[in-house]
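Shared between the two complexes below is subunit A, which pairs with subunit B and subunit C, respectively.
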Partner chain A sequence: MSSQPIVPAVPAQPAAAEDVIHDIGFRHYDGVRFGRGWIVRSLLVDTLRGIFGLGRPARAKVMPWILVGILLAPPLVVALVAVLTGATSLPITYTEYLSRLWLPIALFVAGSAPYAVSRDLRYGVLPLYMSRPMVRTDYVWARYGGLAIAMFLITAGPQTLLLIGALLAKMPVGDQLTGWLGGLLASAVLAVLLSAIGLVIAAFTPRRGLGVAAIITTLLVVQGISEALSRVARLQGATTWAVLAGAIDPSRLVDGLAAKILDVTPASQFAPTTGGEVAVFVLVYVVLVAGAGALLLRRYRKAGRL
Partner chain B sequence: MEPARMVGAPGGSAATLPDVSAPATTPGPAIVTSRVTKTFGHVTALSNLTVEMPAGVVGLVGANGAGKSTLIKILLGLLPPTSGEATILGMDATTQGLAIRQLVGYMPESDCLPPDVSATELVVHLARMSGLPGAAARERAADTLRHVGLYEERYRPIGGYSTGMKQRVKLAQALVHDPRLVLLDEPTNGLDPAGRDEMLDLIRRIGNDFGISVLVTSHLLGELERIADHIVVIEGGVLQRSTSTADATALSGVMVVEVTDRGPEVLARLRAAGAAVDAADDGSNLFTLTQPDEAVLDAVASVAAELGVGLVRMQRRRHHLTEMFREGAA
Partner chain C sequence: MNPVVMQLTVRGLLGRRRSLLLVILPALLLGLAGLTRWGSHADVGASAGLVGNFALGTLLPLMCLLIGTGVIGPEIDDGSIVYLLNKPVPRRTILLSKLAVALATTLVFAVLPIAASAAVAGDDHFKLTGAYGLAALLAGIAYTTIFVALSVLTRNAVIIGLLYALLWEGVLGGYVPGVKDVSVRQWALAPAEHLLDAADAAGWGVTSAVSVTVGVTMLAVVVLGAGWIAIGKLKTLRLAAAE
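Up next, the complex of A and B:
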């Protein structure tokens, strides 16, 4: 339509239909309709974008990006120092990073999980999704997937920055790449667990503010209890219990698993060493993720009814 | 997207109305249920419901708890019936839920709108959740919101909307993917009389002008008989009646007469002329004639002329569905 050539002649012709707005009534749609897979992917991408405030008002962008900044700052400093001083190894390992920056990571999941699920639950939006070509679990998977990918990105990014610093400082490439890949694996394992826990808490506290508070409180309180138990156990000489108490804290759980499986230095002084301890850590991890998943689906079995 | 749309309106000319093409409804019945029963524990929500609903506007009437919403959930394929079968647009509700939900729109009765997004954002998002690509979703959301009567306000957060505007947003999201049938659950709930009329007009336009079949529920028969081609009444999960509105509201043998003045005198003279007149005898200027013949009609005219009063109307009265059901229940 816009390809019409410029014709200066006949200016006063009413036949220029394109200049007039006509109400042509309700138009039917005969274009493409994508199926369930595309819809789930769309919802996942929407969730991911929304967590970082994309496509939302400016104030929704503040918190996530401040936290991303906080998470990126230490690797940036480490990288600069390594390059400038010509250090031969990083002062912090890729997996250690996750434990050292636990607070901003926990704050990020506390801010994001309620965004992903609370609003739809609180305002009864689910019927609008359930009456579309998807099923209840599609919705849960899409929300969960979006959150888990976001959690992975905010830790994998800084780890990659560490790698860049290490390579610029001419540290051994092979070692650094191995360490970095291990770090990414630990990030993924952490993202899967933390997103599941965050989403469950958020799904049971439909008020967004409460959800944020509940998640951060849970994570910090559990960490405090876990640490205290470990110290008490060590004082009593029960070293195995000191290690096992770490399994209830997601941060130490993943740190312990990563240290043992990837054979890197653990961040915690109570990391598992024996095969039995590692088995318990693996078991706790599986139970936590599966349990959170089951609780979520149960929650939505109720909420997903129209 | 552009080329596909242009097919509907060749040359971009306004002369072509896309909705002139036959309504997007199947010629057969839009909804068929066969011995559908749904029980929740000891509670029976639907009992042996067998009914056919044609394309067009169908009103589903019943008190709260009559089973209307349960039927809608079954039709959307979200709730399996305990026994029996339901088909909607020729698709089986128990096995083809996804396909059904691609071509059916649903407006819930409950509040379901998040307050912090605008109507445009929400409807675009939900259009994509129905499988429409981004560009088409935006275009159709704008179109649909205009059709339901939301203009500049559609860019503001929904939290600040009136009940009437919220109902329109709920309606828009049910229409945005151009369904062949929409299920509207109590769309007039909570609206004031003017808002109710506007909503009913809109529903009639969806059925008549947009060519989309409608199943609309209400607990008020009176409002549905105004817009529906077919009425289904259920009570306690049991079918009471399924009837075409045209049949039900056929002309009755009663004529309503209204004069401007001197009602009692007109009445007296008509009775003297041998007409069967019904009136409240309270001095009103309105009365009804039962089975009037030519002579009686002439008498009305001449009496009015003799007394010098104006005739406001002489109108054959239609049956109201409400009366019919009242008789049926008695």
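Up next, the complex of A and C:
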């Protein structure tokens, strides 16, 4: 205790730090504070861990890991078959993987994005975050970063498994490494886009269950619409429009971009070929990510309930 | 059936953001149907492709999921179901009232638009409309009942429902033949196939992996079974603490 003979009910030195709201006389923490950057880092790590159910009850671990299992199963089979039969090339390319397994990838973002943002909004606890030395953009960036890293991991992992299978089957190392790096790039591009879309929808649908359904509905319906539009355009002979209709579907958007930039075979039959089409794809991508980011930041200007 | 419970359910289901999706999705489908008619000059094959793949395969399960998990799931999640359960109303009545609302909503917002989209996109004397209308009705009833039951049984109802409707029926059904026999979509398509002439059904791709008897029986078993399980679960419902 202090050397003062009498301990007053109210602290004798009211010149306390400015961030104190009520000082009821408890002992103060005078150590080093890590500050804003550390809070963002902690929130990001917590988001990433929570998405995979780490540090949460067992029933929260079930869904993410089932989906990870579904995502890992095809590459495992492909790798085993390649090793056992001594195939000379993989039956599926690294970027094609993202399109073929679009459904579990979309389900994963639909399951994770509401976890990342909806609960804080539903229980109205955002003011507690904001009462720390952290501003609202930090919160959005930390949540977004955590989700994007998780999305990257769940697609990069299976792609790496494919690479291991290919290398064990003694396929040309240089080609496989190039393909794998291209696949990782496509994964990162997809993760950035999907996380942004997922978070925006989740931030506007804080009720449990609805966010999941809204995200997956949006992604799948957009895909269905873009395919139907492409079919109609092809029937009408408008090839360019058939290609451009693919830009509204995140899966075909990233597939088309990856195919053109990395010079690999696209999974979709309507991949962009001309410079103009690629420019539109790039533009749509940038607009989608930037628009989703702007909407998210706007959503958090009033950090209360709904 | 209890009119008050039904009224509350309707308000909960249609008074929120969920209702926005319930209106937008059928509108999008009808818009696409119009575009398909324009693009294919009212070709019945193109119409069957759009309705059979997109409407029945993707849209109907998603709509039923939105509706089925919207009638009782949110109340269980936020715990306000206890205020309903401790009223002197049998739990069977509560569940059946909510189920009735869900089924009616499915009929209005999913089944009728899907049948209409077949007529809009191109049809031969409303044969395709009738066939797909019947399939959508049967599948809609089954999906909605299953998803209502799932949302009473588990908090992960939405994701489990999606895994079943999309991964099991949509993706696995294409690779593993046996999976097709355990599919609401195939069961519902069986009577629809029966409704059409054999030549039309084959030409438009309205085909089912199971026979009519099997399809209808399985649908009845699934609907009654799901309803029974849901009532049983609601009778012994334990509210878990919020996560």
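Going forward, the second predicted complex is superposed on the first by the 275 of 306 C-alpha atoms of A that agree within 3 Å, B and C clash if a C-alpha of one lies under 4 Å from a C-alpha of the other, contacts with A are read in each partner's own complex, and residues count from 1 in each chain.
Here is the rule we use: a contact is a pair of C-beta atoms (placed from the backbone, for glycine too) under 8 Å apart; a residue touches a chain by one contact, two chains touch by 3 or more.
Computed from a prediction, not measured in an experiment: that's the story for all the values here.
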item: First (subunit B), second (subunit C), both or neither touched by A:K170; value: neither
item: Contacts of A:R298 with subunit B and subunit C, given as first, second, both or neither; value: neither
item: Partner chain in contact with A:D30 - subunit B first, subunit C second, else both or neither; value: first
item: Which of subunit B and subunit C A:A233 touches, first, second, both or neither; value: second
item: First, second, both or neither for A:R41, with subunit B first and subunit C second; value: neither
item: Contact residues of subunit A, present in both the subunit B and the subunit C interface; value: 119
item: Of all residues in subunit C, those that touch subunit A in their complex; value: 16-18, 21, 25, 28, 32, 35-36, 38-40, 46, 49-50, 53-54, 58-59, 62, 65-66, 69-70, 73-74, 77-78, 151, 155-159, 162-163, 166-167, 170-171, 243
item: Contacting residues of subunit A [partner subunit C, same complex]; value: 56-57, 59-60, 62-63, 66, 70, 103-104, 107, 110-111, 119, 204-205, 207-210, 212-214, 216-217, 220-221, 224-225, 227-229, 231-233, 235-236
item: Contact footprint of subunit B on subunit A as seen in their complex; value: 1, 17-18, 20, 22, 24-36, 38-39, 42-43, 46, 119-120, 123-135, 305-306
item: Subunit B residues touching subunit A - in the complex, by the definition given at the top; value: 1, 4-5, 7-9, 12-14, 16-19, 21, 24, 69, 72-73, 76, 78-79, 98-99, 101-102, 104-106, 108, 110-116, 125-126, 128-133, 136, 140, 143, 147, 173, 177-178, 209-211
